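Each of the two complexes below includes subunit A, the first together with subunit B, the second together with subunit C.
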Partner chain A sequence: MRAYLDPGAAVVSVAVAMVVGVYVVAVIDGTAGRLAAGAGRSDLGAVLLDPLRTVALLLTQRRRRTERADAPGWALAPGLLGGLAATGLAVVPVGPGTAVADPSTGFVVFATAIAFVMIAVFLHGWSPNSLFPLIGAYRYGAQALSLQIPFLLAMLATALPAESLAVMDIVEAQADLWNVVRQPLGLPLYLMVGVGVSFWGPLNLPDGADLIGGTSAEDAGTDRLAWELARAAMLFSIAAMGAAAFLGGWWGPLLPGPVWMALKTLFLLVVMVSSRHLVARVRIEPFVVACWAVFIPLALVNIFVSGALLL
Partner chain B sequence: MNRSLTVDVLFWCFAAGSVLTGYLVFRTDSMVRAAFWLLASFVGVGAILVLLAAEFLGVVLILMMAGEMLIMAVVMVMFMMNPAGLNPMFMVHQHRFAVAAGVVSFAGLSAVALTVDFPDQPVDPAVDATAELGFELLGDSMLVFQTAGVALLATMIGAIALASRNGRFGTADEGSLEPALDIEELESP
Partner chain C sequence: MGLRPAVERVAARAPVPVFAVAGAGAQAQVDDLLLQPRLHLVDSPAAANVLLIAGSVPAHLAGELARLHDGVSRPRLSLWWSLGSSVAPPMPPAVEVLDADPSVLVEAVVDTHRRLLFGELTSSPPVLPDEEPAPWRGIGPYGQGGTGMTGGVPYGRPMAEVAPDRDGLRLDQLTVRIGPFFARFPTGLVLEVQLQGDVVQQAHVVVAPEGEAAVEVDVPTTFRDALNTPVPVSVLELERARSHLRSIASALVAHQLPSLARRVLRFASNVHPDQSEDVQRLHRLLRRSQVLGWATKGVGPIPSDQLEGTATGPVARASGVDQDERTTDPAYLGLGFEPIVHDGGDARARMAQRLAEAGQALQLAGRAGDRHHDPEASLESPRGRLAVGDLPAQRLLPLLPAVLEGMEWGDAVSTVVSLDLDTDEVLALRSPDRELPVP
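Up next is the complex of A and B:
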């Protein structure tokens, strides 16, 4: 039997991890924003308190309602996105034999959570019955359908050396050589797609400023808070899986496994979150073309090379 | 609560949920909502497969349905001249035929469910069903699955060729006209 926590303990540990992860995302974002703007690091207190201030502001702000909106869908979308982040996080092991859940299909469960993100974003843009959110929703449809295949292929390559779809086995197989070395194409592809899946920074096309906020154009108050929290949780979940699948998870000298796991997740989070302040936003058309014409072939090359090396 | 009771309760929840959401597909008045209800119905079926220890099949069913339902919603909205999918509309057409087809398929499936002697073979928890499935797919059943795979690939290529903007006689939005058949007259020497 594989490792599983009790339902109660599982919910609590995933919830705690998500709260910490979301706060870390907000702090990294604030720090990177200040550094990119040349504001210096002197105001550490402001960096640490700003996320809480934003939460307090959004909690007191009035919600907005549109005409003939699909209220259940609107309320469901952030919950669905957050739930998907939690599902993805649950299958990531933090130490040898330590995971919330370690199904033999852990990789597929994670991929399913990523695939459902497009349902959540589409629902979020479609339900307010408003123009810009709707355009954002369709835009994300194009973006996500193009992202899915390179994402699946980049992840699938990591299952080859492990000869298993269980994430625990994938980490176990990286004892002598991390996948980031074994498959140099994998991690860059995964991070690019990860930024796109959580529509962050350069790939924030559905909620972009050119659409006046896109799918969240009509969000205010708790609606916006829930959506932003869920999106940050998704980033955290993707970073944690990237650390497990490509950076060797808990493997590392001296420090205990979970600490290594946390450090590697933090590193990937810094890379992904700071991209918002360092990389210009791309347009959807060249991005979709790049996905189909460049990233899918690259991901296939990655799989073929890793397969050939194993034979 | 013991394990088998939990599984039974979950099974009935997912089964009832699938039937209810499947019914709502036809009772809603919007194509996008219909696609999402259908997705919910399939997720219930996928969860039942997971309960049956066919973990991989169940999760992959759920994975595939996410993309398929989104494509379906987009295509339906494209063809229906209702860009938002928010305008109310009937989801049921050809009522008599639909009722007859529904009654016949219900009777057929019920007859199968009541008459067939279903096997009772609990899966040994020590068996890794995912690995077994992999050996089956790339072992004895390889020919079947590869044939189906190649057929699906050919369908996809055909669909892309049909939907492509670039045709043999120019782009689709510029008419894509076949050249005229009249033969250029040669100048007499």
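Up next is the complex of A and C:
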């Protein structure tokens, strides 16, 4: 029998983790943005407080309706994305035997949550009944389809050494050797694609600058707030899973396991979040081609090599 | 203290979301607002609470401006930053700022937003009536669309119609107008685009209707002054460097790198003749971020034969056309001026061209001494040959439809941005002469 928290405690711990994670994403983003801009003096107060002020501002901004919008869909989309992020986060163990949920199919639960992101984004773009959101929605269809296969293949390879689909076992199997060493192709693929799955920075094509915000172009007030929070939560969830699946989770000297887990998640978050200030928006067509022609074969090579090494 | 006032007090300290419309004579000032940490320039009116109208906006855009205003989120107000223009915007603004100093503007915007939050100012009501632009009317017996499930013009909006796509399939094609306040385009540029998914099947440039009162290009700028009075070459060259750097900053914003754009804008506002090494550093930065890499490589190529003789400055020279009015300008004789030419003719070449010319301009400015440009000699502006009534934008825009055809929308935006169209010139475009297609 595998460990589960009771429902109340589970909801509270995932919610607390997500709030902290989203705030950390905002602070990293603010810091990286200021560094990239080369702004002379650093303003620590603004970096720490601006995210909270922006939340307050979006709370005061009235929501906005477009003509013949799909109101339930519009309200549901950020909820769905946030829920998927929470689902993904729930199966990530923070210490030996410590997880919100540790089903024997934890990996499958996470993979399913990632696959459903496409539906949340499409719903969000479809609902406002407006041009740019709709283009963004369709664009994400093409992007997500090509991204999720290498993403899942890269993750699947980590289940091979553990001979289990439970995330706890995947971390346990990295006691002497982390997967990032065992499968050097895995983590770069996972991170690159993770940025795409949470449509962030260079791979933010559905909400891109060329579509003046894409699927969120018509959002105002709490609609915008909910969507941004859900997106940051998804990024956090992907970083946490990356730390567990590739960087050995709680394994590490001296410090207690959960601290190692937090540090590794923070490291991956810094890498993923700062990509937004360092790399230009990719072009969708060459990117989709690269996914099918390069990343999927690479992810397959990764799996075959990992499998061969285990034989 | 209740929760609501507390939230409002915190919100009043947040960067104010502003949607900015840069009218004639205001593009550079509006671009520089990106450097203001207390403002948050947003791309979509829905994200904004303050509509900033800067400079003069021509009267024929009144309807579009009203629609834009009604799209801004409440509580909302419009604010006019006159910047020396005496022509008030076609939609009366709630607040006017006559001082050209950006810090005065920032103060006014922050103050306006705070008073809006605290209820000292009332949110402006919609300008347009909340009704359908046209009745629901199709050709079917129940008022539905045209052929099958699609077609017709319900509520005055054309629906998608199937048309062959580039892969030989028949897919929905939607005709939309993008502009005149699209955040990535210069104000006034309207593209009528037939989109299939996000592929541009056809694009037309829509110019202002004939017979409307024209916005004269009368806003004084360094280069427009040089048409009438002698201007020091060093001043012209510094202004050229500034203009090219601003253009690169806009491209960075379009490629989702606003932080790097801030870095470039700060560089542009402090340009100095002995900074050509910083231009080298910027070049490395742009290569690393792939803005001068796969993000623009092969995007929007314009073959040199289409640009031969158009005198469109960096755009022509990026395609290998060796044409620069400065070669015949007596003020540049003996300065060691040689036109820089790139080949490739794509968005990447155009950006690399502007960056190289910015570095060259800084060197020329350092060497120019007290030479003056003679108003009789022909003038090379940062966008090509400039003369009274002969604007570079007028020569560039006719090329656009052919270039954009078959392009993915993201690339189309990159291409338009890479042409560095001047807002004042686009707003002044009148007659659809030359080969500019009439819609």
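Going forward, the second predicted complex is superposed on the first by the 309 of 311 C-alpha atoms of A that agree within 3 Å, B and C clash if a C-alpha of one lies under 4 Å from a C-alpha of the other, contacts with A are read in each partner's own complex, and residues count from 1 in each chain.
Criterion: a contact is a pair of C-beta atoms (placed from the backbone, for glycine too) under 8 Å apart; a residue touches a chain by one contact, two chains touch by 3 or more.
Source: prediction; values computed, not measured.
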Check whether A:Y138 is in contact with subunit B, with subunit C, with both or with neither, and answer first, second, both or neither.
both
Looking at the overlay, what does A:P103 touch: subunit B (first), subunit C (second), both, or neither?
first
Subunit A contact check, subunit B vs subunit C, more residues touched by chain C
Answer with first, second, both or neither: which of subunit B and subunit C does A:V282 touch in the superposed model?
second
Just to be sure I read the superposition right, which of the two partners does A:L48 touch: subunit B = first, subunit C = second, or both, or neither?
neither
Counting only touches as set out at the top, which of subunit B and subunit C does A:A115 meet: first, second, both, neither?
first
Check whether A:G33 is in contact with subunit B, with subunit C, with both or with neither, and answer first, second, both or neither.
second
Quick check for you: in the superposed arrangement, does A:L185 touch first (subunit B), second (subunit C), both or neither?
neither
On subunit A, the footprints of subunit B and subunit C overlap at residues 138
Using the touch definition up top, name the residues of subunit C that touch subunit A in the complex.
7-8, 10-11, 13-15, 17, 37, 42-44, 46-47, 49, 73-75, 117, 174, 176, 182-184, 195, 197-198, 252-260, 262-263, 266, 288-291, 293-296, 299, 408-411, 413-414
In the complex, subunit A touches subunit B at residues 1, 68, 70, 73, 103-105, 108-109, 111-112, 115-116, 118-119, 122-123, 126, 129, 134, 138, 141, 144-145, 148, 164-165
Within their complex, state which residues of subunit B touch subunit A.
32-33, 36, 39, 55-56, 59-60, 62-63, 66-67, 69-71, 73-74, 83-86, 125, 128-131
In the complex formed with subunit C, which residues of subunit A make contact?
32-34, 36-39, 43, 46, 49-50, 52-54, 56-57, 59-62, 64, 131-132, 135, 138-139, 201-202, 204-205, 208-213, 217-221, 224, 276-286
